[in-house]
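A, B, C and D are the chain letters, set down in written order, and residue numbers restart from 1 in every chain.
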Amino acid sequence: MPPTHPNARLEAFCDGVFAIAATLLVVDIRVPTTVRVDSAADLWLQLVRLTPALLALVLSFTVIFITWVNHHATLKLIDQSATSFVYANGLLLLTVAFVPFPTTLLGEYVASSDATPAVTVYNAVLAAQGAAWVLVCRTAVSKGLATDDRAAAMLRANGRYGLGALLLYSLLAVLALWLPHVAVGITAVTWAFWLVHSARLRTA
Amino acid sequence: MPPTHPNARLEAFCDGVFAIAATLLVVDIRVPTTVRVDSAADLWLQLVRLTPALLALVLSFTVIFITWVNHHATLKLIDQSATSFVYANGLLLLTVAFVPFPTTLLGEYVASSDATPAVTVYNAVLAAQGAAWVLVCRTAVSKGLATDDRAAAMLRANGRYGLGALLLYSLLAVLALWLPHVAVGITAVTWAFWLVHSARLRTA
Amino acid sequence: MPPTHPNARLEAFCDGVFAIAATLLVVDIRVPTTVRVDSAADLWLQLVRLTPALLALVLSFTVIFITWVNHHATLKLIDQSATSFVYANGLLLLTVAFVPFPTTLLGEYVASSDATPAVTVYNAVLAAQGAAWVLVCRTAVSKGLATDDRAAAMLRANGRYGLGALLLYSLLAVLALWLPHVAVGITAVTWAFWLVHSARLRTA
Amino acid sequence: MPPTHPNARLEAFCDGVFAIAATLLVVDIRVPTTVRVDSAADLWLQLVRLTPALLALVLSFTVIFITWVNHHATLKLIDQSATSFVYANGLLLLTVAFVPFPTTLLGEYVASSDATPAVTVYNAVLAAQGAAWVLVCRTAVSKGLATDDRAAAMLRANGRYGLGALLLYSLLAVLALWLPHVAVGITAVTWAFWLVHSARLRTA
């Protein structure tokens, strides 16, 4: 066997799940059927009504893409593998593969007066993703998979970001019980922040 | 042509099918449509009703991820290819690609009084996966694809686990005819056990 | 840039399309909804009614997997690339990505008295796949992409198999206008034959 | 870690999204259900009615495949990475992953008297793809990622094609407000032109 990176196939599997989850987001945006559409003006109206679903798609695509970028950067800090690390990644992938469901829920209900369950579930899934991220980073450190001490320090820092995400999105999930539109607004802003910030986690 | 592992493209194809099957599981969890939802309390109720579907998703994601981990470990024991081995893997992939169907069936009916067909079909698919696993391992051994004698012995051991899975899930499929909820409980427990055990099948 | 096979990324893209098309086949097998199901016996009956859809899935999975195996073997005969060759592969991928549609059509109608359109469309798609295959092989030969003379001879042979498939499935598409069940039976038998035969197209 | 191309995993992720978006196009072509079909003649009629959806599928598959070919050629001009370049690619992937939605919309409405919204949205998505393309090429040049001066010049040329696409499809989106069928005809012709032209952007 030619020497390959011990995590090469894990990377391939993760890339697959990230790419599929991101691309599946569009599947649940339903094209209005001809039966209910009487005119071009009516069709425009139906399309405008899809705006919340489109915004939810863009938010979730951003979430998945940033998580992929961070995952990419994190695996570069590691040059060994361990079964517990593989399973920790499996848990992270489960939370990523699940994203299309709360996204559709958010798109369907965020603009209604019953937005609370959708916003709470969406933030709860992000909190679960933060928890999985903590597990991935801590397992990598505790199993001694880091390439060197500097990499181990960066893994610990990534784990702390994961912990921050877990706390933040848990709080937003609770806040959504009273102020769903404020909560989802903060959620969107945090990802705009991550979009800028994740650049700094990156290794050259 | 640069020298690559003879199974490199088979691995890529398998990784694709595993990743897609795992990510497609979420597609059939239906977001309640606004038409049937009158209030936030009503939406919460509808979401709670999705619990069996969520549990079925988590179980099937675990099944697919563990099968991928074991497949990964098994291909590391092999450094040649053969057409019959490729087709044996094809059969395994068919049983993996099929998992979303019994998963949706299980999620829809496991909490009802008509759980028997869903639980029987789910375990029958797991039994078929066990049979495909036996075929993969036996073909690898009989075609002499193992890297060395120790790898061949591990392939034989994996084949015996496959045979055990075939027998166990066949029995559970039959048991479900009388006691579907007991059967599905045992199915879930076996995968929690595999989750721990598959670590030991792994090669360094 | 490290030296990589000129078709490495084409292979990755093709593997993706093959794997996704094969895995998407299950999506259109609809789980009976609880609304229409009154008892376990009723659910069993509904599941038995899915038998034609399951057989169509197995047939199409076999078609896609064998086509992937042959594609794999064919790309091994080639060590250069050309834009026209990439586009010929694109045409082949279009016919592969399209397979889920005629598969669902076949599963829905093959057991009915109105099987003709489904069987004709299914065989027409296989004929189009044969035509794309001819184009892939001929482009590879005419652009001088083969690794050596023996590889070029094998590409020509593969092209002739593609031409045979084009003619055979065109005839079956026509035959289905009068005898749809005979035509689909012959279609299934030919793929059982290909399953055995494709082993011989394979290069070591 | 073995030395790999700095964009290897970005390529893998992009290939995944391109392949999935292309293969998902078929999912929204709905097989007529047995309930509404009374005879083989009726089924043929229903299938003929899917012609606009099939043409939209072929157009979008061509769009995605050509974009993938150009993306492939563009990444060959680059031998470094930068976070802003990764995010520019993320924006391009968002516009690619979104293609199935306007494709279904086009297939559903292009043959009706209410084609305007579908054609305008379709061209607007192509314009957004052109804008993302400009960003990808400009970021690569401004961050100094090109392999050499000749590659930088080709990246600048690709960026100008992207700008041309942005302007052209914006104009067609506007034209569709009055003449939707003329606009969509021009859209289709431009991709036939790109199919020929993209060969010339390619590097050996």
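One rule holds for everything that comes next: a residue touches a chain if its C-beta (ideal position, glycine included) is under 8 Å from a C-beta of that chain, and two chains touch if they have at least 3 such contacts.
Quick caveat: nothing in here was measured; it's all calculated off a predicted structure.
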{"item": "Superposition rotation for chain C onto chain D, Cα-based, multiple of 5°", "value": "90"}
{"item": "Shared interface numbering between chain B and chain A [over half = same, under half = different]", "value": "different"}
{"item": "Separation of mean Cα positions, chain D and chain A [Å, integer]", "value": "24"}
{"item": "Chain centre separation in whole Å, for chain D relative to chain B (CA means)", "value": "35"}
{"item": "Contacts with 2+ other chains: residues of chain C", "value": "4, 12, 16, 20, 24, 27"}
{"item": "Contact footprint of chain C on chain B as seen in their complex", "value": "1-2, 4, 9-10, 12-13, 16-17, 20-21, 24, 27-28, 83-84, 86-87, 90, 93-94, 97-98, 100-101, 104-105, 108-109, 112-118, 121"}
{"item": "Parts of chain C lying in touch with chain B, wherever the complex brings them together", "value": "3-5, 11-12, 15-16, 18-20, 22-27, 29, 31, 33-34, 37, 39-40, 42-44, 47, 57-58, 61-62, 65, 68-69, 72, 76, 79, 147, 195, 198-199, 202"}
